[in-house]
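In what follows, chain A forms one complex with chain B and a second complex with chain C.
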Partner chain A sequence: MEPLKSLNLAIDDSDLIHKLETINITTIHGIIKCDVPTLCNKLGVEEEKVSSFIEDILNTLRCYDIRGVDLIDHSTDLEKRQQPNLLSTKSSTLLPLSKKSCATVFATETPIDELLSGGVRTGEHTEFSGSSGLGKTQTCFCLVESLLRNDPKASVVWIDTTNSFSASRLKEIHESKCLKKNLKEKDLKCDIYDRIKVFKAFDVFEVYNILDRISDCLSSGLQKMNSQTTFGNGFEELQQQDILNLILQEPVENLHFQQKEKGSKNGLEEEIIKEKEDEKETKNGMEFEISKKEKEKGKVKVKEKEFQNDFENLISTKLIIIDSVSVLLSPLWGRSQRFHLIMDSFARSLKELAIKYQMAVLTTNSVVEERNGAIDQKNQPNKQSTFKKSNIIHLNPALGEFWATQPSVRIMFTTKLSLTKKTKIPYACLIKSPRCGQIKPVFFSITEKGVEEREELYNF
Partner chain B sequence: MNKENFFELFSRTSQPTPLLTNLSVLDKELNGVLPPSIVSIEGPTQTGKTESILKVIQKFILPLEYGGHESMVVLFDTDLRFEITRLTFLLEEHLVNFSEQNKNKKQKTQTSDGNLEIEEQTQRSEETLLNQTNKKNKDRDQKRINEIVKSSLSRLFVYRPITIDQFYYTLLWVQSFMKRNNNNRQFNSTKTMSRDKVSQQRGTVNLQDKISLIVIDSISAFYWLDKTYPFRKQSLLSDEIPNLIAKIAEEFELLVFITILQRTLSIKKQIKQAETHSYLPKKLTKKFNYSIILNHNKLSVHNVFNTGLSHHIRKHYYIAIMKTKKNSFTSQTYSYTIENSGIQFEIAEQESDKDQDIESENEIEKENSIY
Partner chain C sequence: MYRAIDTFDLSKHIRKILKNSGFYQRLNLQGYTTTKLSEETELTIEEATQVLEAVCKPKKIPFQTGTKLLQNERTKIKRIFTLSSGLDEILNGGIALQQMTEISGTPGIGKTNLCIQLCLTVQLPDFLGGVGGKAIYVDTEGSFSKKRCNEISQGVIEKAKELFEKCKKENNSKHNVFSIQNKQKISDENNSIQDGVLDRIIPENTHVENQITKKITQKIREETEKDENNTKEIEMEIENKKENDDENEKEKENENEKKGGENFNILDLQNINNLDEREIFINNLDPESFSNNIYYYRILNIYEQLSLNNSLKKILTKDPQIKIIVIDYVSFFLRQSFGDTNWNKYPIVSTYAQNLLKMANTFNVAVVVVNHLTTTIKNDQSELIPSLGKSWSQYPSEKLLLFEQHDYFAINSKKNRIAYLSKSSIKKKSSCQFQVSLNGVD
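This part shows the complex of A and B:
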């Protein structure tokens, strides 16, 4: 419960706050719970003032309302949107609204796009799970490559926990796709290698720090635009994309940083020059104080540089990939409540980032065994028969049942025995999606050019 | 001024009428739900809780001419997983089916009057006309459907609270908003008098321009946070929020639908021990009027991840209804499937559990032989 002083309200109600302190009401919770008429009798203030004060508090603290209409994309320009399914139809303006949402779709350009109904979407948390070596990281590479090639302004954050990121593989895929389209890298005029930022993390808390940095950069960029617009009760989420486009057009120097020091816009140098002039004027030989000031300025300069670097790299992120979330969370496994809390808050922060800043979040997960016999033991009396059946292993995604509720889309990579029963063939199937997507599993093969369709067809 | 009998006025203002919710389980068994009441939909993951809620929202949003209530709906999306394309798909399908039904009815009434020869001639001419104007009609229909969907979606308000505090303050704000705008059912201005008569003739209640439904998608999203770190030893979820929800429902005569997450259990255990195994504080369970519990069949649990034949997911679920009236409950089991057109319940009671167990075992053996 926050104290009342911490709120920055538009209306000056400092008198009210002082009066409330005399009755020992200092928190927001306190004022909401008490009776308005009795309060007014005690303080001698009009009811309208107090009620409007409470309304202001609630208005600042509540989440903004979104109308269902605003979540649909009303534009008719197909070129801007990357939805490959819609490009094939002719009458684009009269398509059903069920295919148009404000989320952009990032195609992976692999056969797995059919399962994802186009690709990975912004504002959602998708998950690839499967045992090792089946192609989860390879599809992530294909996704990154296609995103960075098609969108010259987007950038990607890759959080690597298993040391599986290789830039040479990215290069291989990129070159092979350029050859396919008979283009050279120079003709494309895109530097995909500059716009991908790789972080190495081996702990949940390091990943939290990285996510905080990203959200700081993006929110500071928005704050500037927010201060220029009207005081935001009805600040719609959908304006963020327009704002980001404006920010990307402006040079970085003109943007306002988050620090609250006086006059700290762009030029700390200007400040230093002014202060030096002031010092010369005063002619007070307080050398100790001068050296302190310079040290502080030095620190602030370093922080600003870091922030500026972060800002340039992270301001236009549209995709966050976390390779193997199971490595981060499984060491914490236990029956304590804190494990569930950490999982819950971690998943929630990912989804919050995805929704607020219109990004897509992708995680990979590993797999856990579950023997058939263990479940059916109660129903079947003969233990020998269960022993025979327990040779069959069921593979479930790791991190348990609670983590299964968090992502909105989940894809499972598994294998199937071939007809000769000698080799195992990989395929991908859709476990969970909010759109009731495709049911059939998808076969693929991993080649030099990335993840591609398999030539031989297998019928289930 | 429109004149009214005493009886008309009495029926209009005194008693709330039960509302149809589009879930056939509640509509056919109970003939709708009487407001104010709180309905909970519980179950483990991927059992269709959000799907059933989308159906209810669809019913409340649509305009009166197409079978809806045409009222405002407030949705608290605490899970942050609300998908608008699914809702628009359901709306569009409903509208398409509705228009086809009307066309069939018109054709029937027309053919019943005329002679046979004239009927054949008119049919042939109609067919040729249809082929020519087919595209134009399709475009016109699509435009109309898009307009109706847009107008109905403008009645839906979505809130995405990120912390419990935000959730609590938005609930309070919604309460004060409704107070200021006099959201009571008994309040009817002169503008809405004519609409009242129309709604009376159809046997429904006038809900236009009023909030009549609040949906909270997974109140268990804050369960773990609230349990481990309650603010100053006052957990919001267990003390404050249930009282608030009950107050709001009573004051403004609303329906409230709440989804709750559960751990997987067999059906028998679930009915007896439903309270202890759901991610929910106990005080809220006392305030439920109805609760629907959804669950998987054994088949689907085994084969979801193994075979990739995920069409198994769409069959053979069980559910149960419970009317909670101070520790006495009546329960019934049904089966349902989730398809593209939404969740569909089968009201006729199923065979005994033993037969289905045998079926499930046979199917498991068949699939295991593939491997």
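This part shows the complex of A and C:
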């Protein structure tokens, strides 16, 4: 029994919904069940309008069936890997969800690509887990660098929760990679740094807001491309009260509402009359501020441009990196019920972004130690051997089994003692993947050039 | 995007009311005004505005592009040097602002010495390549001693003089004097950027409001006396106590104003551009002026530690000159199970760390954290690792491990002190030797 309001229909039917509310039809179930001609008589609306409205609802709710041929993953083709498939956003909205899921692959250009069978894919949630200082963040740097270098339009959102993002390290990797590939100085582009957005967040709720904003920008961007309407169309969900608040509180900051405000000014005034008399004074203040704003139009235009630039940068987001996700979620650990709910919906919103807007989502996770010897102790009669067994420590990704179901690809970073037992060698292995990836672990080393294949493989 | 009410940052009470009156997700609240919402539910108008602000109001979230960050990393001095050549080298020029650095090591290796030295080098002015800020020293173990602080500050002063001489020689032709480190940075960059750097490095007019004399020994006495008296109702009283302390501070400030610059404060002399004045300044440095700029907190139990962490925001907003927070043994209380309470340790440790990171980021402060070492048995081999487990280990972005190693080539089997950088997002893992002498860490 979904309410009618919850539908995000392409055509604006708010008048019709309002009328339906007056005769107590508020749910989808209600409108589909009732007889169209009688309903039209009651409301005094044309029959075509209502029937097209119902058709719209049915179209949005319909499940499309797709044959397996359409789903074949073309991403392994070499051609596509060299020329990243720039999805035209226009076509992607018209097709049903899974038809546009021809995933593009972003190669990390590190040995870890072998485990990922090519690289990180769009529409998927990938996770790197491992204890600190093993190269998770470094691999992320490599991925970002290669993505930005190969795709001149894509941009990346990096949500940093531990203050560990370093732009100079990214620069170091970029320069050494360019040297390696014999690229000229012209190709050393400065704009790759422009296309990475670093958000700093220390709270799950902050990250939620960031994701909300990205999805707002993207959805409004899609609408803009489709209908060529004015900027700010994506904020239709906003309540009028909110616009009022914004105008009253932050006159200059939220500029994208200015255009909106002119259209809905009449509506606003009506609302204000309905409100209590006390607010009439504030209304006068509002009008004053509006006139003030018009004077400052010159300043406003500059700021608007800035905002629009930011906005357009977020539209082309192809990759979201959250480093690290366990830092965000672990403070909620004690409150178990809410913790599970938040963790679930957090992962779901990540996946929704990934599938809906064709972007890759990458999270990093820490590890927890687990002693798996408890069961063995009972079964083993020999006490000495049980002592040994109970001390075997397994490293598992943090956040437990519940989180384990969320990412579709998981990679674990661990270390291994070398044969001389003097040094520790980092390696990565695959835990979970929907494709048949490489099962053998991959050894790597971290150098100035990023994450590289280990050369002295046979020495230990 | 679909979002349940539970995923918003609202209190349990409000969420319960909303769910009882049929609001389960964000879209249900669409079209509501504050008055309408408070009429339909049991929420007061204030609560309703809070709900609508959290749920429906679009937020403006600041972000930085890579170019901006790159510029910041180049131009702003983002590191506090240790004045020990080896450590500075492996730490890429010192301890980073806005980040959490962990120092862990065996007992007696020089962790506390290094921390005290950091509290002192923070105060060195801009023209020596320092940050010119104050320090907070949180002591859980009671290992801070005034005497040692004086000794180290004398060492720091000597080194500062040497540094100044070096700078003078290298920059005879130029009007401005920069530290060696800055010069290296500049030489790496293009000429166009250099001009920008020059503008930035000339210190802004930092007006030090008042000289805050807080004699450390006196402070210790005050705190311990108070703590002995009130051990039971701690959490409530700590805040009161802090207020009292603040009042004391104010009184002291007033006293100092009356004295009128009899005392000599380092931070007053930040904005000198004249060479001669700088020389006078360097020659006038004395240990007492150094210790005036260290806020000292003696922590006696877990409640105090957590409440201090919560009030850090207050302290930092009050004195924006603070540039480093040193916590000597974070693990001292946190690693124990909280015997008399039913608290779950894991969320407490992680919220503690998260708050520290938040403070470091918002107030541009370096956080240095000292950690114990514990042994683990892994694959039948014992190994020393920092305590508080893997869940803690993800928070510090740089980790320094101090340990001793036998020097096999020396005749009398001398032990070498070695520092090892085990985690960093910028520098490669590397190690160096260091020494602890009378005048601090070399």
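One rule holds for everything that comes next: the second predicted complex is superposed on the first by the 256 of 460 C-alpha atoms of A that agree within 3 Å, B and C clash if a C-alpha of one lies under 4 Å from a C-alpha of the other, contacts with A are read in each partner's own complex, and residues count from 1 in each chain.
We take it that contacts are C-beta pairs under 8 Å (C-beta built on N, C-alpha and C of every residue); 3 or more make two chains touch, one makes a residue touch a chain.
Source: prediction; values computed, not measured.
Of the two partner chains placed around the shared chain by superposition, chain B and chain C are both touched by A:R338. Comparing chain B with chain C, the partner in contact with more residues of chain A is C.
By the touch criterion stated above, A:I32 is placed in contact with chain B alone, chain C being left untouched. Contacts of A:V198 after superposition on the shared chain: chain C is touched, whereas chain B is not. When the shared chain is aligned, chain B and chain C each come close enough to touch A:L417. Using the contact criterion defined above for the overlaid structures, shared-chain residue A:L430 touches chain B, although it does not reach chain C. When both complexes are overlaid on chain A, the residue A:N209 reaches chain C alone and has no touch with chain B. When both complexes are overlaid on chain A, the residue A:T405 reaches chain B alone and has no touch with chain C. In the superposed model, A:P441 makes contact with chain B only, not with chain C. Of the two partner chains placed around the shared chain by superposition, chain C is the only one that A:S166 touches, whereas chain B remains out of contact. In the superposition on chain A, the residues of chain A touched by chain B in one structure and by chain C in the other are 338, 341, 345, 352, 395, 417. Those residues of chain B that touch chain A in the complex are listed here as 44-46, 50, 61, 79-81, 83-89, 92, 139, 142-143, 145-146, 149-150, 153-162, 165-166, 169-170, 172-173, 176, 221, 224-225, 227-229, 231-232, 261, 263-264, 302, 304-311, 338-340, 357, 368, 370-371.
Across the complex, chain A meets chain C through its residues 3, 5-6, 131-133, 137-138, 161-171, 190, 192-200, 202-206, 208-213, 215-216, 235, 237-239, 241-242, 245-246, 253-254, 271, 275-276, 313, 324, 326-327, 330-334, 338, 341-342, 345-346, 349, 352, 366-369, 388, 391, 393, 395, 398, 417, 421, 446-448.
Only residues 1, 32, 54-55, 57-59, 61-63, 65-69, 71-72, 91, 94-101, 124, 337-338, 340-341, 344-345, 348, 351-352, 355, 372, 375, 379, 389, 392, 394-397, 401, 404-405, 408, 412, 414, 416-417, 427, 429-432, 434-436, 439, 441, 460 of chain A touch chain B when the two sit together in their complex. By the touch criterion stated above, chain C contacts chain A in their complex at residues 1-4, 6-9, 27-28, 30-35, 52, 56-61, 63-67, 69-70, 72-74, 98-100, 344, 346-347, 350-351, 354-355, 357-358, 360-361, 376-381, 389-391, 393-397, 399, 422-426, 428-429.
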